[in-house]
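Written below as structure tokens is the structure these notes are about.
Each chain gets a letter, A, B, C and D, in the order it is written, and its residues are counted from 1.
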Amino acid sequence: MRIKVGIVGVSGYGGGEALRLCATHPAFELVYVGGEGSVGQRLVERYPGLGKIGALTIEKWEPANLPKLDVLFASLPTGQSKEALARVPASVKVVDIGGDHRYVEGWAYGLADVWPDEIKGASRVANPGCFPAATLAALAPLLAEKLIEPHNIIIDAKTGVSGAGRGGGETTMGYGEVNEDLSPYGLLKHVHMPEITKTIDRISGAKSEGLVFTPHLVPMTRGILATIYAKGKVTTERCMEIARAFYAERPFVRVTDKPPHTKWATGSNLVFVSYACDPARNLVIAMGACDNLGKGAAGQAVQNANIITGHAETLGLEGATLWP
Amino acid sequence: MRIKVGIVGVSGYGGGEALRLCATHPAFELVYVGGEGSVGQRLVERYPGLGKIGALTIEKWEPANLPKLDVLFASLPTGQSKEALARVPASVKVVDIGGDHRYVEGWAYGLADVWPDEIKGASRVANPGCFPAATLAALAPLLAEKLIEPHNIIIDAKTGVSGAGRGGGETTMGYGEVNEDLSPYGLLKHVHMPEITKTIDRISGAKSEGLVFTPHLVPMTRGILATIYAKGKVTTERCMEIARAFYAERPFVRVTDKPPHTKWATGSNLVFVSYACDPARNLVIAMGACDNLGKGAAGQAVQNANIITGHAETLGLEGATLWP
Amino acid sequence: MRIKVGIVGVSGYGGGEALRLCATHPAFELVYVGGEGSVGQRLVERYPGLGKIGALTIEKWEPANLPKLDVLFASLPTGQSKEALARVPASVKVVDIGGDHRYVEGWAYGLADVWPDEIKGASRVANPGCFPAATLAALAPLLAEKLIEPHNIIIDAKTGVSGAGRGGGETTMGYGEVNEDLSPYGLLKHVHMPEITKTIDRISGAKSEGLVFTPHLVPMTRGILATIYAKGKVTTERCMEIARAFYAERPFVRVTDKPPHTKWATGSNLVFVSYACDPARNLVIAMGACDNLGKGAAGQAVQNANIITGHAETLGLEGATLWP
Amino acid sequence: MRIKVGIVGVSGYGGGEALRLCATHPAFELVYVGGEGSVGQRLVERYPGLGKIGALTIEKWEPANLPKLDVLFASLPTGQSKEALARVPASVKVVDIGGDHRYVEGWAYGLADVWPDEIKGASRVANPGCFPAATLAALAPLLAEKLIEPHNIIIDAKTGVSGAGRGGGETTMGYGEVNEDLSPYGLLKHVHMPEITKTIDRISGAKSEGLVFTPHLVPMTRGILATIYAKGKVTTERCMEIARAFYAERPFVRVTDKPPHTKWATGSNLVFVSYACDPARNLVIAMGACDNLGKGAAGQAVQNANIITGHAETLGLEGATLWP
């Protein structure tokens, strides 16, 4: 029997990617799509490349009036989901792709490649942000094995335009301005910092200090890369080995000898991690690259939905990277 | 029982896309990948985003030494497949993504959305070129119904960089040169012209004259668009209606009211067609847009392989467009 | 003595490019910048790369309150300049980069490479649109020499995003949507058609019929290309020869043997034209490529301002193309 | 009297940009262009947008056979200029845009915004690399004033494709591979590291340790950004103030409150620097952005040539940024 699935926020990039993944998911049946802006529109008008589910009509988003659902994916603008999702019936499991429920009581933090077991029983999952997803995939093995210090970690992160999104506010997204441009933004105050800090603390078992996080906007549509500078007297080889062991059972994380490319992950739920160390200088460079809409949003959300509905976590996510 | 499949030419864009599609095809089992340049390399080294089939090793391409195969996809440079494919055992069905066997005796022309029936029984299929695929999808219904004259058709075509490919020869493909640039090339002598002419003749039942074909290189990776100017006293509505009827049973062709966008098709086997007419001026503008590596190459090739092996033509091709 | 110059509409792309050109123009002194939206802002806040003139403050645009000016460049949204520019004192010469005064009585049509002489005495010049600029540069010599028929000319035009601009209305300009996409728009009804038709008529001395104009949006910031299909029994060589003679005294038009690239013109006032003919088929393909903000807007505007103020037309426009 | 100038290496990006700048330089007369590959070709065939100097013919590069020159710009591949430039007559001043003479005895290091005085008397100038140019502009004021420690500086640098160039070797530059991709390269071993270290040492007067330099390739043609993490108990405001004082007489360096954008500098010799500090954490983030072919190569080379020939350093470099 197929799982009945709904998506709210289908006109954003994250919701749109959830739509694409649900369209071919063998165990999911999409029965509801909700929104604010485009109510009454058929999906295929917004997404001309959709198959059968393109016939669905966008309904007015009202948590009290949902059809019978097993799982709801929410991809709402920051600040708009707390009150609304609280009114979703308890019988409906929720994966929140947005940022409002990360490290909120009653919500499992859906870092599926690190803590899959605790997601299993959850009925409310807060999907990690795109920057945390790329960053933590690279850091988790080293923190867990105490190969690096949890303090004073510097994350120099770079995102394509679909990741910086509309909520960023500090940067315009017009083609003429973004194309052939590169810049840092949100210095020392990006909204993703607390999420990253809390997760570092939890994995390392320490109260970390001094996290630095600098996002950059890159002229490309998809892709996110975190280049991370940490302190540790460890070799490149040891980091690779530890990471390979840590992720041995995790199908979506790939540890690579070469520095990762974001394009290796485009359209997939993969995340690539690699390391370069100089123990003489107490230096570890950890790198994580993924598709900000895949592992950084809807891909991980579907993985989480698979886990909480008792399916193989890879179901519907086997598609290889689109290349070139 | 799964179909045993091989691909030769996996380091090119067309072969790479065939790889991606075979990786998740439910009825195909990829058992052989051949090439010239990267023999001995594991696939995953070239394509880090591949799943299980990434473990395959690229073997030296030698048609006499193939393993037991049901279907071979060939994606070889122009001029390199005639002799070699002639030596592939008759028991192996061949879909040639390259251009050497189009309108060659003994080879079915794989325009799968127009003549699916005659492909069915074939064991040798010549896949259409990317420009013909976009062009003919738009023209076929009008020619078949004699709504336009087959003569003096002007095709102004635009392709992304992966379509102009290495065989083009006249244009360099370096990022610094191609980015933020646009230009026509191959004026009045492009290699795809005879293929288009022959197909127009066959659909229309006439000996057409005066075809004009002008390709342009556009700074994007994937996507191909044909804007076609033909003569006919017919309304836009009638063209739409005729095209919708013509393609009623064809899952990959979408007739749209709005002018098509190449991005509607990225990563899929879809082709979008639309029309704008001015009967007072005897003018029909027909438009066709697709992914040059999808419907324009590997997507159509997999569709053809589905047809000749007795599967539903959509099998393994249900993936929705990657957007944005 | 330097010419006192003002620009209204500095926050748009056309006004911004006028600013860049005036910044280093040896005979122009920029003394006024006006706008609606950013009144009070210093120019350098919007354009951090400006030199000395960056210190100017954007003033509220009010034609009755202008400082003493010799020339005013206007780059206002369509529909907003007719009433306002009528109130500019007669002592101020005006070059309207916008579209409201093309073929309006009392305004010279500033196609500077075709009719420089009649611009000379004008005090009101309507600058040609970007599509007309690229198109007419290629067509003018052939029409003037009657090498092609003025009827049934088909213009397949392609523009970068800064050319389709905000006035286009039919297409969104967000990076995620535009990047890696290509599509036609404004089919059979684009606003530039009457301007092109009137100019064709004037050059050819005939009342032309059946013009077809199809613009396309291309994922690049600058650049415009017109690929034009016309009827004429003339050789490629003859077209080249005639064009070279026609433009012998015109420093900004280059007739090239190879099909033109938009990138050859980036940042300059150049326009490149070329031809490919098949007299046996009565076919002439004419091509014109330029920077939509250069020859297609502000470059030509400065050329026109040079002409009406008695300077060499090349003054301040000698900068070579930015490449790559 | 105009300075007679030659350029060797005109087919590369750096040499091409030197060409563009010399084309309109009011005091330079380009009389010689040399190369290896395209001998006998007229410049305009490679650079269709060039003006008068396009008539020059590329001559076989042979230092013993130069015409009478005042200044020679050399932009040769790494490793090819040491022997050759040693044979240039002493009467010809040389600015080496390539990397072979940085910190070589007898060659001034041309960091023109930091040490203009010592360049003045030189007849051999080694132009800084593009990464050093962006990095050192941001660091110099802080190092000079000892606001930051010279040790353990982390430089996370990002470059457009024209900067990573052909010499990089580790990354391919094909459009299909580079577009929509982002990746680090040359980890812990990039060729620019010694140059940066030596300059840090010289400015700070200390022997620095532990420099980390991580370049990234970004899908854009021009632009380079260095995001630098250093240690110092200083406020953002103090860094800004110090930098503004340090560069008070330097026309090409702009200290900005907002994080810099590479696009602010496109086509110009400008470099933008900014700072964000957290003294409580002993953290300084310094940022530098420029055009890798401007301040990062040919722009700075022309500035150096101005200085050694006794001209104003801004001569011929006044052009404002190309935007958008």
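The rule is short, and it goes like this: a contact is a pair of C-beta atoms (placed from the backbone, for glycine too) under 8 Å apart; a residue touches a chain by one contact, two chains touch by 3 or more.
Because the structure is a prediction, the values reported are computed rather than measured.
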item: Label of the chain whose CA centroid is most distant from the centroid of subunit A; value: C
item: Pair joined by the larger number of C-beta contacts - A-B, B-C; value: B-C
item: Intercentroid distance (Cα basis), subunit D paired with subunit B, Å; value: 45
item: CA centroid of subunit A to CA centroid of subunit B, Å; value: 34
item: Rounded Å distance between subunit B and subunit C, as computed from the means of their C-alpha atoms; value: 38
item: Where subunit B touches two or more other chains at once, by residue number; value: 13, 162, 176, 179-180, 219-222, 261, 266, 324
item: Of subunit B, residues touching subunit C in the complex; value: 152, 154, 156, 158, 160, 176-177, 179-185, 187-188, 209-210, 212, 214, 216, 218-223, 225, 227, 229, 259-263, 266, 276, 278, 281, 283, 285, 287, 289, 324
item: Complex contact set, residues of subunit B against subunit D; value: 13, 161-162, 173-176, 178-180, 219-221
item: Touching residues on subunit D, where the partner in the complex is subunit C; value: 13, 16, 19-20, 23-24, 47-51, 162, 180, 221-222, 254, 256, 261, 264-268, 270, 272, 318-324
